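Two complexes follow with chain A in common, the first pairing it with chain B and the second with chain C.
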Partner chain A sequence: MSGLHPYTQLALATLLPALAWLVPGPRAPAIALAAAVALVLGTPRPLRRLAAVAVAAAPFWLFLFLLHPPARAALVGLRLTTLLGAAAWVGALLAPGRLVEALVARGWSARAAYLLGGTLAAVPLVRAHARRIGEAQRCRGLATRGALVTRLRAVHALVLPLVLSVLHQLDERVLALETRGLGAAVHRTPLDPPADSPAQAAARWGAAAACLAALAARIA
Partner chain B sequence: MPLRHIALIPVAVAINLALSALVDPTGLPLFLDTTGTVLATALAGPVVGVTTGVVTTVTNSLRNPTFLPFVVVQVIVALYAWAAARLGLFRRVATSVPAGIGLGVLAAAVSTPISYAVFGCATSGGVTLLTLLGRRVGMSDLGACAFGSFVSDFGDKTVTFVLVAAVLHALPRRTAARFPLALRAAGRT
Partner chain C sequence: MTRLSLERVSFWYPASDRPALCDVSLRVGRGEIVALVGNVGAGCSTLLCVAAGLAPRVTGGRLDGRVECAGPETAGGGRVLLLPAPWTQLSGMGVTVRDEVAFGPANLGWPLERIRVAGERAMARAGVADLADRDPLTLSGGELQRVMLAGVLTMEPALLLLDEPTAELDGDGAAALWAVAREEAGRGAAVLVATSDLDAVPDLASRVVWLADGAVRADGAPAAVFADDAIWREGPGGPAVADVWRAAGLAPPWPVSVTAAARAR
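== the complex of A and B ==
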């Protein structure tokens, strides 16, 4: 499964929750969930991933049983757990770098590919920066508890330095992108595009057709 | 799209995803997960704002796919923020507070049907408790869901708008000059 084209992995991960939602009754979500669990069992460290899915799904099940009769709670819970299971499977196999290569190979511009790749790289950096700012402000004696006004002042004192500093670093990012030729209006050639095959393309079209058929049956 | 705007989007998405943990020690029920979207819109316009919102949802969904159905909320937030910037509502706290409350109402109106149809209103502990409370006082299922969404949204969006207004006013002249729309939105032209 890890050798599949990223588009095929995404199509399969979309198909299971889509069918779980579109086909009426509890049987389809139960089968889709079983399929998602089987897929996760084929990934490295499957038990850890399944445990993560269970931990993510548990609050939803609790809240659903608090809010709804058991039959509806179970139906929505199965659908949500299928969604989480399918995402755990695709998250285990899909490398962002391979997806970017696949997008560029299919004619997407390098800028569009950067939006995904650049974001995945920026998020941990900004989170680490946020942690440092939080620790620095607490070292300076910032009060984060107490009256509402005190807490709101703390929000201001934590957020502003982070946002202003990342905006200040924007010039460096722009320079880096210009240096790497992202400003040039030329199509890039991917270095190592993921392999695709007619069978995988047919499987993707089949997945799309199954979703449309389920949607049509649901509407009818 | 200019390269500066392309570079801004991942940064704005990262702001969306980093602020919640940063303000966690205050104990306030704030997500601030649209701050980057509102800021990107005020700085660079609606296309950048909408793209920031969509990329935020996609990135968040890689970790937790239950965010995916709410992509439309991010789009609405960006369009609302664009209208607010055009109307000069970021110029003063006195105007950004009601604008934020308005966004809270709009965001709740958009997210309620999604929350009800897809998640049965069980999106988070706070919303579930508020929905239960709404039912106890005699609201319908959908009404209780809307009540839960509104109460959890309006404070968050109000703080978001005030923070973005504060950032626009605190931006150094040199940085602000690279975003003419931001200067206009903050009334610094």
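== the complex of A and C ==
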């Protein structure tokens, strides 16, 4: 799956939640969720990702069951969890650099492509930065582990420096990217555009057609 | 031949009434290395941003005066700025160091073969050829800064702007970077470097520009600029060798490098 063209990965990640939301009844979201879980199981460290999906979905399920009848709550919960599962799958596989290469190869400007890919690329950078801030704060005596109350108390000491430093880094990153020609008025050379195939293109069109058909059936 | 010319340049950041640069005039010629020194907040980084064409175009703000840079902007021979912190310069687009180094010339639309050749050469010069297949996110700060240096060298700049480039480097790494700066000047590039590594300045630069509160306080040969007592009292000081001479109560001009001190003895 990691060798698929980024467009195909995105199409598949969009197809599952789209069908889960558009097709009436609980069967489609259940199948879509099962498919999303199966996809996540094929990624590196799958149990960790599934646990993250479960943790993210849990509050939604809780409030859905508090606010809606059980059948309705389960239906919406399945749909939301499918969305989170598909996002976890594509987040694990989609390399920002490959996405940018694919977009540039299709004629997008480097700046517009970077706007999309750079957002994804920032995730590991911010995560690494947050880890460094956490280590620095622990060196200064802040307790960030242990009981939930202790962790909650530490949040503001971690979040504030993270937000401020990310904003500062954003300024510097813009300068660094501009000086390396991101805003140049020429078309970027694709270095290693991801391979595509007629079968993948057909699958993407098929996914789009399935979504449109489901939408049409829903409206009718 | 002048590569960079600043004529009476003043610059204000957005929402600031106080100029970050004040009536600065400066010329840097082909093959010349000029060192910018000053206290924190003196305006060295701002001057580099102005010289790089990033201020006010990217930073916003207002600029008075004239900035001219000779050399084409997009086909190599342009101006490139290396910032002090390597983490903020990562494009995030490169799975490997080789991809990261190729980011700049790819943006300039160079043909693939030229990018590959220039990239391999730049990585070798920056001493990161053995890291070519590594993930940039797994590198140390010093390794990453050398990768960023390779990234700017790949673009074959006519004007190389360095902002505290040795901040993440150890002694050997700093010496290697200064050697690369001298090579760049040797191939005809103009090099403007803001640094607090004052011991390196006399052997590196033919001229020193002392900035204070955004204005040029002194501009001349290292020995002449560091012979002024004012730079020791109100500015960043000078090389350690000269400081020893001063502390001993000897009269200026003080030697500014170990070689000059040996000769003076």
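Points worth noting:
Just so it is clear, the second predicted complex is superposed on the first by the 156 of 220 C-alpha atoms of A that agree within 3 Å, B and C clash if a C-alpha of one lies under 4 Å from a C-alpha of the other, contacts with A are read in each partner's own complex, and residues count from 1 in each chain.
Assume a residue touches a chain if its C-beta (ideal position, glycine included) is under 8 Å from a C-beta of that chain, and two chains touch if they have at least 3 such contacts.
All values derive from a computational prediction rather than experimental measurement.
In the superposition on chain A, contact of A:Ala122 is made with both chain B and chain C. Of the two partner chains placed by superposition, only chain C is touched by A:Leu191; chain B is not. With both structures placed on the common chain, the touch criterion links A:Leu164 to chain B but leaves chain C unconnected. Of the two partner chains placed by superposition, only chain C is touched by A:Arg180; chain B is not. Touch criterion not met for A:Ala58: it reaches neither chain B nor chain C. When the two structures are aligned on the shared chain, A:Gly97 is found in touch with chain C, with no touch to chain B. When the two complexes are overlaid on their common chain A, residue A:Leu83 makes contact with chain B while staying clear of chain C.
By the touch criterion defined above, A:Gly134 reaches chain B but does not reach chain C.
By the document's definition of touching, of the two partners only chain B reaches A:Leu66; chain C does not.
Within the superposed three-chain arrangement, the count of touched residues of chain A is higher for B, of the candidates chain B and chain C.
Of the residues of chain A, those at positions 114, 118, 121-122, 125, 129, 169, 171, 173-174, 177-178, 182 touch chain B in one of the two structures and chain C in the other. Those residues of chain A that touch chain C in the shared complex are 95-97, 100, 110, 114, 117-118, 121-122, 124-125, 128-129, 169, 171-182, 184-192. Chain A meets chain B in the complex at residues 17, 21, 56, 59-60, 63-64, 66-68, 72-73, 76, 80, 83-84, 86-87, 91, 111, 114-116, 118-123, 125-127, 129-131, 133-134, 138, 144-145, 151-152, 154-156, 158-160, 162-164, 166-171, 173-174, 177-178, 182-183. Those residues of chain C whose C-beta lies close enough to touch chain A in the complex are 49, 52, 54, 57-59, 73-74, 78-81, 83, 85, 87-95, 99, 102-112, 115, 137, 151-152, 155. Per the touch definition, chain B reaches chain A in the complex via residues 1, 3-4, 6-11, 13-15, 17-19, 21-23, 25-28, 30, 32, 35, 39, 51, 55, 58-59, 61-66, 118-125, 128, 131-132, 159, 163, 166-167, 170-172, 175, 178.
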